[in-house]
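Contents: one structure, followed by commentary.
To keep things simple, chains are lettered A, B, C and D as they appear, and every chain counts its residues starting from 1.
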Amino acid sequence: MNKGRLEAFSDGVIAIIITIMVLQLAVPKEPTLAALVPMVPIFLGYLLSFVYVAIYWNNHHHLLTVCGNASGGVLWANMHLLFWMSLIPFVTAWMGNNPSAPIPTALYGVILLLTAVAYEILQIRIVAVHPDKSRIRSALGRDFKGRFSPVFYFAAIVLAFVSPVISHVLYAAVALLWIVPDRRLEQLYQKDAS
Amino acid sequence: MNKGRLEAFSDGVIAIIITIMVLQLAVPKEPTLAALVPMVPIFLGYLLSFVYVAIYWNNHHHLLTVCGNASGGVLWANMHLLFWMSLIPFVTAWMGNNPSAPIPTALYGVILLLTAVAYEILQIRIVAVHPDKSRIRSALGRDFKGRFSPVFYFAAIVLAFVSPVISHVLYAAVALLWIVPDRRLEQLYQKDAS
Amino acid sequence: MNKGRLEAFSDGVIAIIITIMVLQLAVPKEPTLAALVPMVPIFLGYLLSFVYVAIYWNNHHHLLTVCGNASGGVLWANMHLLFWMSLIPFVTAWMGNNPSAPIPTALYGVILLLTAVAYEILQIRIVAVHPDKSRIRSALGRDFKGRFSPVFYFAAIVLAFVSPVISHVLYAAVALLWIVPDRRLEQLYQKDAS
Amino acid sequence: MNKGRLEAFSDGVIAIIITIMVLQLAVPKEPTLAALVPMVPIFLGYLLSFVYVAIYWNNHHHLLTVCGNASGGVLWANMHLLFWMSLIPFVTAWMGNNPSAPIPTALYGVILLLTAVAYEILQIRIVAVHPDKSRIRSALGRDFKGRFSPVFYFAAIVLAFVSPVISHVLYAAVALLWIVPDRRLEQLYQKDAS
């Protein structure tokens, strides 16, 4: 399996996911500032999901860079990741339309959690077919953010039933944590390139 | 005709097909778990079609890899395949909205059948222009899955009028059969590469 | 201006145009065969426009192959072509919803005509910056299809006010004429490659 | 960070932004010329935004050409630019539906202004990591259009509350100003290539 085409296909799907979310920002009927007020939570949800999809695109890029060859297992692990990511626009719209309701806020976390699990599985698959397992594994071993994010998502899912605002803060906090790029893989890549 | 651009264009169309299906998951009005219950068949239909489109992308990739040069015939056979694939989101939404109705379930199978026929035509066209016909033909000769899938689709179309559930099981069974990647072409490709 | 990125961007836009048209096939509410009957003209319009966009993608590919370097003029001539092409989904839906009305049928022809004119302008721009004008011009000189298509579109626009069916037949006839790939440019390209 | 994949991803997102805007041209119910009349401002808004997105694609292309290596800072500056660009279809539809209302016309300018600021930030980031800062900075130093556009956007935002027509003229004037390609960077690129 050619890695380049897997990368190009994933890029296409991620580019579409990040862009079609904006179609769910329904154009207000009234041309007034007041008509924009109920859109504020929808807009903030869009911003949050835009950042999450951008983070996944960035991390996915680095992960595939260290991927030697894309086996059938890697291909399906990648499709599995794209499947859960493709549901982000749906849960973003539902949470944005109902910012104070626990169920949509919790479901948003469920999709983030399943996406994170799918990413972890993809990482494991790529390590498994990598010719130099020990080297890539030691680099990934210090994967604090990858290990802790699911804990935060799980907490946010549970706490949505106490107060959705706590969950929103947690989702935003994890996103901020991830905006710092994954230097571990970047360093490994630069070693590979040199 | 440059094969690379045909591949890139097909990738773009397939990436859009697999992603816009999610736009047909209408966001529920009520922020409750109960509002998600009627979405279960729609979600399962989305999952099924996501897997089918992913399978076609994967097989299409392998098929084009052994394609020497893309003639006008190959180009139009490819467009024909993309045309039927582009109708998958439409029939997925109709079947998902009416899971217990025979007509939408049968039409889903009709589109899968026409897509499979279009794929077969593309394969024949690519073999026809391949410089080493006998070698690629012997590899494709053992194409059990490709030969049997249309039989299953046809059975599912007919049985939809007995019980749509039987058809759903058949559609899922064929998808599961295909998730195992097409090792024949993969092997040939690896021989080509070496 | 790098030709490759212009090609990739055009491919992306054309892939989206050809695929989002399917979003305008509204899923019928009733799960019956009768509910599909009013969709027949919409489906045929979708098929017609799919073929037209595929033809433009194919011809555009060949044209850019002989394009030496993409100047600012070529870039904007290309954007101008993509602009009119981007309106094809809109007029396809309007004509498909009103198959027996003259205005939507005529407007479909107007957009096809403007797209054809935009393609002609792009061709002229590409010839103008080509290092070997005489050679590419002699190849393009025998451009019968390119010269006659606008005449047919113009006839179809006028005849839509007599009977839209005549226009539909003309649109389909021109599409069939174009499915035969543009061998002139293909031959020139093969000479370039050899 | 590989520059090629950043470019491909940006191209994908920009191609989707420029194309999905057409989905907001709602197909008229009546098949008459009169039904097209209220669409004229919507169509003109679509044309204006199509030109703006095309200009950004073109300038973005030239800017990335002189970009030596894409650091994490460049990546996020690029995502920030794509985020504001992704809101162009939303404000285009709102302004097009309410051409004589000051708020939507002003918001259109706000998004253009934020997009311009995001582009400026991306330019600063790219200069910061460029190995030959003085050379690229001297080329960008004569960036009159980049400096003056925000002033025009700001004026258009304020004047929308006097008369939206003045703002529309200003938006169109800036777009016309930009259609002339950014020769400074093009020249630098050609020097790099030679």
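Here are a few things to note about the model shown:
Please note the rule applied: contacts are C-beta pairs under 8 Å (C-beta built on N, C-alpha and C of every residue); 3 or more make two chains touch, one makes a residue touch a chain.
Predicted model, so just to flag it, every value in this text is computed and none were measured.
Using the mean of the Cα atoms as each chain's centre, the chain most removed from chain A is C. Mean C-alpha position of chain A lies 27 Å from that of chain B. Look at where the CA atoms of chain A average out and do the same for chain C: the two points lie 38 Å apart. Of all residues in chain C, those touching 2 or more other chains are 8, 12, 16, 20, 23, listed in ascending order. Shown here, the protein chains touch around one cycle, each chain meeting exactly two partners. A list of each chain pair in contact follows: A-B, A-D, B-C, C-D. Put simply, chain D touches chain A in their complex at residues 1-2, 5, 8-9, 12-13, 16-17, 20, 23-24, 72, 75-76, 79, 82-83, 86-87, 89-90, 93-94, 97-98, 101, 103-104, 107. By the touch criterion given at the top, residues 7-8, 11-12, 14-16, 18-20, 22-23, 25, 27-28, 31-33, 36, 47, 50-51, 54, 57-58, 61, 65, 179-181, 186 of chain A touch chain D in their complex.
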